[in-house]
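The following pair of complexes shares a single chain, subunit A, combined with subunit B in the former and subunit C in the latter.
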Partner chain A sequence: MHSDQSDRASWWLRLLAFGGIGFLFLPIAVIVLYAFNAESSGYSFPPQGFTLGWFAAAFARDDVMAAIGLSLRLAALATVLALLLGTLAAAALYRRDFLGKDAITMMLILPIALPGIITGIALLSAFRLADITPGFWTIAIGHATFCVVVVYNNVIARFRRISTSLLEASQDLGANMWQSFRYVILPQIATALLAGGMLAFALSFDEIIVTTFTAGNEVTLPIWMLNQLSRPRDVPITNVVALCVMLMTALPILAAYTLTRGTEDIAGSGK
Partner chain B sequence: MMTVSLPEGQTTATRPGILLRLGGALYRHPGLQLALLLALPLLWFMLVYLGSLCTLLAQSVLTFDDFTMSVSRELTLDNYRQLLSPANLDVVLRTLSMATLVSLASAVMAFPLAYYMVRYARGWQKGFFYVAVMLPMWASYIVKVYAWTVLLAKGGIVYWAYQTLGLQGIVDWLMTLPLIGGNSLTTSNLGRFTVFTYIWLPFMILPIQAALERVPANLLQASSDLGASGAQTFRHVILPLAFPGVVAGSIFTFSLTLGDYIIPQLIGPSGLFIGSMVYTMQGSIGNMPLAAAFTVVPVCIIGLYLLGARKLGAFDAL
Partner chain C sequence: MTLAVRFQQVSRHYDAVRAVDQIDLAIAEGEFFSMLGPSGSGKTTSLRLIAGFEQPSSGSIQIFGREAAGLPPNLRDVNTVFQDYALFPHMSVLDNVAYGLMIKGVARAERHRRAEAMLDMVKLGQYGSRRPSALSGGQRQRVALARALILQPRVLLLDEPLGALDLKLREQMQTELKALQRKLGITFIYVTHDQGEALSMSDRVAVFNKGRIEQIAAPQVLYTQPATAFVADFVGTSNVFDAAWAASLTGQQQAFAVRPERIRPVQEGQDGDGIRLPTRLLDVQYLGAVSRYELEAGPERIISMVLPNDDAAARQVLTPGQAITVWLPAQAMHALAG
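Showing the complex of A and B:
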């Protein structure tokens, strides 16, 4: 909808637009501000003073470090699984039309389109039926399932832009399957894989709704946060952890955006 | 780069390697290739995801014994009948009205922002707005909710802001209103509504932005050539063409509000939402059958919603 006229927006439209952005960033600013708040309990504003001391205190806590470690390991495993499954699915679906293709695409999207609570309770009831004790692996299976779609979306968009003649040429020139993949396909989808992988990582690192069902006694970082919220204590530690979680999810998103900028399909435009 | 050094004695020149022959076979038989590629993802989703959903559905017709607090394999439709009890209908209605209000509010807030992004943002502003919407959308959900409890807390920023601006009277009056009021902002429906709207707002902005991007510029020129004022063009050209984007966005805001149980638990009055009902039913009470029956409610509502949205052309706007 780009019209040629280079007119300026009216003041109220600019106010609504920038006001909207301000609204979106208000809580983020709060998290950044309060992580350095000197106060040891409560949320009084304006802050009484600033300190870096709570960072040291947070990283000295065993429960915090254990939660960070668990969330990192889970996100890494879920990302690897999602990369594998998402890339295979994208390679299979990008240029073929067959009966049931729409159903398969729908199935890939479903875990993220349906409310997380349904995925969570469904997985839990299946694990119970199969007599699997919830723990690290059940969380990872759940995370991988809803992370597949972000990898799939990124990779299939890239596949659609790769010319198939390159692959045919590579095979005509005698390259075997592995060589064609390694030297022809992989260099072209590398940034899409990286972007999809980072989105999957951020999605898994931050996920809470499905996780509360599949976690059993494990405490991931978001679950640690939720526990703090239900019975508030250690406010300064919670503030610092909140900032860390925020950074751990925001930085991969920015990186994924930078990687895919300038292409038609920018990573992250749909969660 | 393509040359491969082979160990001595291997006669690839006369006999192609297994990978090469397999590659050829796959090229000649696309069906085989498809099957090999799809096998793993399909198996995973069938087994893990669809399997779980079927288990859940099956659970919803089992019997839960209130006395022994255990589930027996007797089939029954009682759980669905229980959904229609006044208390449970209340839960469904409460959730539905919140989801509707949140969707409307997000649409109203998102439209001007998306319109500005598409129509006026140039140069650095284009990238800035895109990142500025995407970043809060992806930033940790639980941290954003936490930030709102900090913002709305007594003595917190919002409290400080209305004190400083001398709006104490207005806030006090708002809190006395039935339905939206409460003891404090944190325990009021107004607070819950604000947090919900905040959390799902970016999911509304991006589809509207995508729909507006696709409005052809020459339609706007034609409209103004034919003498329409800016407001008329907006009302009769832009709005109808962008509407599928609004519907697409509302799919997210509606469905996400419907299934949420963390925000209702942390902010707002004590009434249960569908999500919190499901959570307590399966957790502390252990009544998995009723919890399973409850999950069918959002699935059906979202299913109906998707059918309606499709009629309105929302899927082309995604």
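Showing the complex of A and C:
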């Protein structure tokens, strides 16, 4: 929506806008900048020279590589779980009306609104009660609780735009339920699945609060970075790893945004 | 006569709502059969019961003698043209038409060849590679028709297929649909709320009201001999004289209807079997070939009369407020049930 006046914003509005962007992105720029800083002792300004050495150093460290590997595997598993459960939940809830539908919808969406610390404590208590040792699977389940929501939101938004008569037309022409899903529904929700999956992956990859409660002895990438706070000597390596995390999460979100642009809001992507 | 579709005491209830209420119906093979009625009258539900998108709450539905109640849509030998066309937006027009054959497992080259032949039949041969979104409403309608016909169903169901088209196109498609039905010789079951459409195309019409059928008859019978006040009013327009009014005119408590075009101003020396009705002219509407005259015969008793504009009787100047005595011929009065 462009009103007549907004084509040319006034100077103070521009100042505010750029100020806001600077406030958000300057700290990130510092991390990117110092990932290439030649000096090892941290943040002296201006940077002392350009080097790619910290990348080599970071990737040579077993603990870094192990943490990255664990986080990738976790994000992949949480994404697969979220795609399955989110799609099924959306398929169950978008058409039929039944008793308690609103309550179930609410419960599905709640994890994205619930503070991570609550989810974390709740999960930990539940796992203890069930006598499950925290580890890889408990982290994955923890991540899936909020990853399901983004897939669900994306897919149900798409479902709502698919006319129910398309499914009927498919059946009318001889297709059974599976064929109708395969040839009519799946192609139309494919981009929503991709977008939801990428968001889920990004959410899982940099999650720390729920992870802290459910990780046991496992060290994911964000936990590794948190532990680095107490070791100032490794600051450049931490910067390199932070840069990696940024790329791993920002790129999927950008891609998801591009895929669903012009369709509907990616509800729940704001976590 | 082979029956294509037969309903016996079919009902479809949604909780307390009786969408279809104990309907009996027999549609012959090769018939162009219309289901006419206002929205919510049960006509679309009846069509969906035949297609299999709905299952009856009770009663029996037979398609070519075979019990269909309980069968899912994909196991029925009927195909549907949907009101919103329901074309698959992610497929080309050709793949849309070929969809039924693909599901059947017909090889790609063969099904595309047959789909192209279908598209030729609906005069869309050049459009196979396009997406449905790149077609006009009328073209989409033809694609939907080709897609439904490619499986050579013995019954084609059409759910208000012309509803979204403009008037000219609609009239043209009515002619084409009727011609297509004659050529293919299969049963068409056509749902519409447009009485003109139903009358012009159908062999027989069922008039639906509140989940029940008021009358099933050929168009001319429906028009000239409406069985109920509802049919008289819904099919064309009619002047309905309720029992009380009829009693004051004829001495009998028998409601009847008279078409506006059968009413004439009383001529000098008029006699024969009929009723003289003194009225006052309220309004004249010029409609081109004819004019409609709104006449007040008493409090809340308004009838309309339609006269051709080249009729000598109409040439006399009629001005609103004027008193006119009109003639209701006995043979134009049709007794109504209910």
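One rule holds for everything that comes next: the second predicted complex is superposed on the first by the 256 of 271 C-alpha atoms of A that agree within 3 Å, B and C clash if a C-alpha of one lies under 4 Å from a C-alpha of the other, contacts with A are read in each partner's own complex, and residues count from 1 in each chain.
Everything below uses one rule, namely that contacts are C-beta pairs under 8 Å (C-beta built on N, C-alpha and C of every residue); 3 or more make two chains touch, one makes a residue touch a chain.
Nothing here was measured: the structure is a model prediction, and the numbers come from that model.
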item: Contacts of A:P187 with subunit B and subunit C, given as first, second, both or neither; value: second
item: Contacts of A:A175 with subunit B and subunit C, given as first, second, both or neither; value: both
item: Which superposed partner A:L84 touches (first subunit B, second subunit C, both, neither); value: first
item: Partner chain in contact with A:T249 - subunit B first, subunit C second, else both or neither; value: first
item: Contacts of A:L166 with subunit B and subunit C, given as first, second, both or neither; value: second
item: Partner chain(s) touched by A:T51 [first = subunit B, second = subunit C, both, neither]; value: neither
item: Subunit B versus subunit C as contact partner of A:N227, first or second or both or neither; value: neither
item: Subunit B versus subunit C, judged by how many residues of subunit A each one touches; value: B
item: Footprint overlap on subunit A, where subunit B in one structure and subunit C in the other make contact; value: 170-171, 173-176, 179, 183
item: Contact footprint of subunit A on subunit B as seen in their complex; value: 1-2, 4, 17, 19-20, 22-24, 26-27, 30, 34, 37-38, 40-42, 44-45, 48-53, 55-56, 59, 109-110, 112-113, 115-120, 122, 127, 129-151, 153, 155-157, 159-160, 198, 201-203, 205-206, 210, 212-217, 220-221, 238, 255-256, 258-262, 265-266, 275, 278-279, 282, 288, 291-292, 295, 298-299, 302, 318
item: Residue numbers on subunit A that touch subunit C, as the complex places them; value: 163, 165-166, 168-176, 179, 183-184, 187-188
item: Partner subunit B, residues of subunit A touching it in the complex; value: 1-4, 6, 8-9, 13-14, 16-17, 20-21, 23-28, 30-31, 34, 42-46, 84-86, 88-89, 91-93, 96, 98, 104, 107-108, 110-111, 113-119, 121-126, 128-129, 141, 144-145, 148, 170-171, 173-180, 183, 199, 202, 205-206, 208-209, 212-213, 222, 225-226, 229-230, 238, 242, 245-246, 248-250, 253-254, 257, 261, 266, 268-271
item: Contacting residues of subunit C [partner subunit A, same complex]; value: 51-53, 72-74, 78-80, 82-84, 86-90, 99-100, 102-104, 147-148, 151
